[in-house]
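The two complexes that follow have subunit A in common; it is paired with subunit B in the first and with subunit C in the second.
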Partner chain A sequence: MSLPAANILTTASVAPAAEVAGPAAGRRWVRNLEIAVPATILILLLFFCFIWPMVYPVPKPVGGSLTTVNLPLWSKGHIFGTDIVGNDVMSRILYGGRVSFEVAAGVQAIGLVVGGLVGLVAAYRGGWTDAVLMRILDVFIAFPSLVLVLAIADSLGPSETHVIWALSAFSIPAFARVSRAAALRLRDQPFVVAARLSGSRPWRIMFQHLVPNMLPQLLTFSMLGASLTIILEGALDFLGYGIPQPTASWGNMIASGESFISVYPRYVVVPSIFLLVTAISLNLLGDGLRARWNVR
Partner chain B sequence: MSSTSVPVQPASRPGGAVAQRLAGLARSPALRLSGRRLLAAIPVLWGVTLLSFLVMNALPGDAASAMLGINATPAELRAFSIQLHLNEPLWVRYGHWLAGVVTGNLGQSLASGHQSVASIIGQRLPVTLELVVYALVITLVVSIPLAVLCARWPRGIIDRLSMLFSMGSISIAPYVLALLLIIVFCVDSHVFPSIYSPTSTVVGNLRNYTLPSIVLAVPLVGFYTRFLRADLLEQMQSEDYIVTARAKGVSEWRVLTRHALRNSFIGLLTVIGLNLATLIGVTVIVEQIFSLPGIGFELLNAISNRDVPVVEGIVLVFGIAVVLANLLTDLLYGVLDPRIRHVASRR
Partner chain C sequence: MDAPATAAVPDGQSAMHLAPAPLLEVSGLQVTFHARDTSIYAVQGISYTVEPGQTLAIIGESGSGKTVSAQAIMGLLPGSASVAGSVRFRGEELVGLSQRDMRGHRGRSFAMVFQYPERSLNPTMRVGSQITEAIRTHEQLGKKEAHDRAVELLKMVRLPAPERRFYEYPHQLSGGMRQRVVIAIALACGPQVLFADEATTALDVTTQAQIMDLLLDLQQQTGTALVMISHDLGLAATYAEDVMVMYAGKIVERAPAKELFAGVRMPYTQALLDAIPRIELEPHVLLPVVGGRPPDLASIPPGCPFAPRCPGVQDDCRQDAPPLKQYEAGRWWACWHPLGKGAQ
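Let's look at the complex of A and B:
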């Protein structure tokens, strides 16, 4: 780290974030809504997926009765009807949602920790460490990730944990890039230089000075990433490498509905709507937080 | 990352000897950039092939067991894997394959008789290329005018509707979109075929590719419209040349399309270049749904057949495509903005 102290004087301004004074109080409630609406939808979805089945006698998602097969929407006791083997569709949506949210959380957490660390260390250490880590990342980026994911999913066998490991192949390089860019912008800021000059240890600079300033950007990114993860999880199900039947997941509900698409489009449409609403909410929340925290 | 800077070169003097012209060519920033980037791509591509070789090797089962099925006797399996050279150690097989690639030979498919990998890729690649190009054309034709309209009347009705559409189109899963399109266009009215059927007519060919291309294009339209709109609005609010143009009395439309839009193409190009890798990933899913016999379709087949040479070949093609797309993006910068040609090129 050879940074002349004079940098403190020359780079004294923290990236002037063009403060737009225009949208004043009148627009503030719109700004709040942009975060509140998707956050409420997500909290409701999480509540219905994780807590509702514990407090309300929701039918089981598997082992439905063959006497009540193919019930239409809004049937008594089965709001979304039943599927081709008599399982309650509503219940499969709820339990499938659990899978989607768990996979999204797991993949983003792994990406945030592993990728975030790689990017942070690469940016802070610079030099050879940076060059080597970035070349390895280049390989992962030039490599069609879907191949890696399919191969990992195929070799480990279909299960929820394995899907999480497989999809981390997407999230780790992505987080590493974002984290490296964020750390590079911060590295030469006056407060970091000051910390370095005052003799703080590298790990202390990284975790006490850099990480707190990078978190808003990484968290925003993880919202957008979570929406992508949920979509990709469905894609794995769709290609037959994801969550195996009879366990419910939105992806495999859509995939198995494909066979009956001309007769019963609802088997595809109902889970698709939930998938779409979840993805839109995550994207909106990410955008809203990005505007709120003023990160790029 | 170390950013090597190209020193500013004087333009090659006109009317010299051939040698001088060649020397001038060798100093051309574009050529130097291409040369450097292609050299830098070699270790990356090598890493990609090594990674896919290791991954394929880690998969349970091999080509012999995949092809003979579960009823094969151990003796048959053993004989067949010797025939396919699968009994040799990993490094020997990889070295053999790599030596072939360096001399321009991608090897032979294990699964489909003794067809060469190059000929398989030659058959499949045009399908995927047509799909990607068709999708990009749809994307640009829709998103550029849409973004201009949005930027002309920000917060207007078109702007709000298109932002709504963008959010939906970015969030929709490709397989969901594909199935919805099939419900609308194929189940009751047979406007487009839901499964690829070989034809020789141009119209039939375009009909085959239309739905898959729309699936690829829709998320891109949302993404590019948002991007272009933001870029145009930023320029219209803050740039000096916009103020100058307006002061000259140039009409607002003309300012938007001639002065602002041209500058936005540079950013758009970067985004397209970066997106290409993702786009390739999506083609695998789309080709599977619509049974398009493209390179992604072949890739899934090859993975399940454990046909390592074919997987390696396709992964190499994908890797080269990403590297070339990035290089082309950088070179086009210079065409779109002459200032960039002579400024130190940073990566």
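Let's look at the complex of A and C:
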């Protein structure tokens, strides 16, 4: 008789305490995972793309032997098989990943520096400078981005550096907008006014007081931008304006596999999965950092 | 007019002998903000002088133009504001000076302490670097010398363990400590006039008293003039020598603090005083509040700006605005029917 009653008592007294500690601790745990999981995936991808081929004898991504054409997945020595000209798909994925990451990093770096500076100067100087700079950028933003990128890529000709230039036409205005908004919010903060009031020069105020406070916002934005860049780069490759064959890239792997999609879907599926996982990881990392740094 | 701003402690005495003109002379200062289709007359021709070593309190409610007038003096207003009138610092005209020329004055001629200690410091910079930045803007000093000077300043504002605090970030300091750092930065180049814009409003009462005492002590040491901008009449009564009351962009009364509180002339000042809770009042009594709202600064009716809210309003108050005049030694007011004079 007394046993159930005791049970009720203990559960009743324990439950509220557990509820108080529960969600908070759980949320923190999820918060950490939000950053840790995508970050781990990205670090692994970066490691396998850039370092692994240097320390392990990975087959060459080009010039495969015609004796090993079209091997299926999980073949000995070729875990993702080989393509129709006998190149190891795993190796092409790794070298293609290098291209994706290099382009993403290049485009984001150019966007961050050039766009960031334009936005910063526009916000700090205000008035005519602001109006002129932002209207020029509006022209770029008003253009359908893919059409613009295609036009630039086409006129420059296919190569990795040209892809970076072409995609920068898309990242520079985006960064400029974010940077301008961030700088405008900071410009009238008392500590910036105080710096002006102590006689600091404009460039010093911009780089010492504004930029460090804008960085969290710009860096999170660059994560989200990188994911978009990787997808756009794939699209350029796919359309034939990006990395030319036989150099490996995820986009041109998908493009060349597309003709066989009904017979050998693996040619499209494998690089697509890598593209997707990378893009999603960058997005999740960006969102996670945004929540962590409390950036809008 | 380059006054040698020597060390962290400028020579207030010799500065006084150098200047026949007042240290800071504001005359007919007007600030108008131009919005799309309206103009807001935030400051409507105020005049006052500040002498070396003086403590002046500018009192007024929100939107009375007290902060805007200080910002106008220091050239901090945005492009949408037009400033007219004259501000002379040791005889040199400041209105219309370019930002470049203004830079020479900032920090050295005048400095400012802001209301929000949590936002007055750059969160990404060490406390020490923020002080040395201010020092090295005006003086060619080596890293080591600037560091020593900064630590000296932190000692001066009585921040405990200044050597350690030098390397800390603002988030490691409490509100009062941050305000001390802000004061140290403001004093870094030995300003001749220090504006304290609601400098203690965001702090709790004990910290407020400590910071005010510190400001007055530093003022004694350095001989700088202190302009307190506040909405707190009690604070002004305790700490200032002179009190200036602003209402709707105008100065309505100016007097030495002691005389002002002994016999107020302007009904607005009286209304403000009545609204302060006092220990002698019966418990649970409603405080007399100033009814109504200050006039819309975009369209000012003729007459005294306080007329619609004034308990002693008469017909002539609605016709013409009373000018601010000196009626007694050291006492100015702008009222046709001043209090305490009608009986005579």
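Keep in mind that, in the parts below, the second predicted complex is superposed on the first by the 271 of 296 C-alpha atoms of A that agree within 3 Å, B and C clash if a C-alpha of one lies under 4 Å from a C-alpha of the other, contacts with A are read in each partner's own complex, and residues count from 1 in each chain.
Please note the rule applied: a residue touches a chain if its C-beta (ideal position, glycine included) is under 8 Å from a C-beta of that chain, and two chains touch if they have at least 3 such contacts.
What you are looking at is a predicted structure, and each value in this text was computed from that prediction instead of being measured.
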State whether subunit B and subunit C clash or fit side by side on subunit A once the two structures are superposed. fit
Subunit B versus subunit C as contact partner of A:283, first or second or both or neither: first
On the A-aligned overlay, A:114 touches which partner chain: subunit B = first, subunit C = second, or both, or neither? neither
Counting residues of subunit A in contact, which comes out ahead: subunit B or subunit C? B
Using the touch definition from the top, say if A:275 reaches subunit B (first), subunit C (second), both or neither. first
Looking at A:46, would you say it contacts subunit B, subunit C, both, or neither? Reply first, second, both or neither. neither
With both complexes superposed on chain A, which partner does A:201 reach: first (subunit B), second (subunit C), both or neither? second
Is A:227 in contact with subunit B, with subunit C, with both, or with neither (first, second, both, neither)? first
Would you give the minimum C-alpha distance from subunit B to subunit C, in Å, for the three-chain superposition? 5
Overlapping contact positions on subunit A, where the subunit C interface meets the subunit B interface: none
Subunit A-touching residues of subunit B, taken from the complex the two chains share: 1-2, 43-45, 47-48, 51-52, 55-56, 58-60, 167-168, 170-176, 179-180, 182-183, 187, 277, 280-281, 284-285, 288-289, 299-300, 303-304, 311, 315, 318-319, 322-323
Using the touch definition from the top, list the residues of subunit A that touch subunit B in their complex. 130-131, 134-136, 138-148, 150-152, 154-155, 227, 231, 234-235, 238-239, 254-255, 257-258, 261-262, 265, 268-269, 272, 275-276, 279-280, 282-284
Can you list the residues on subunit C that touch subunit A in the complex? 74, 76, 78-79, 103-108, 111-112, 114-116, 119-125, 133-134, 137-138, 182, 185-186, 188-189
The answer for subunit A against subunit C in the complex is residues 126-127, 189-201, 204, 208-209, 212-213
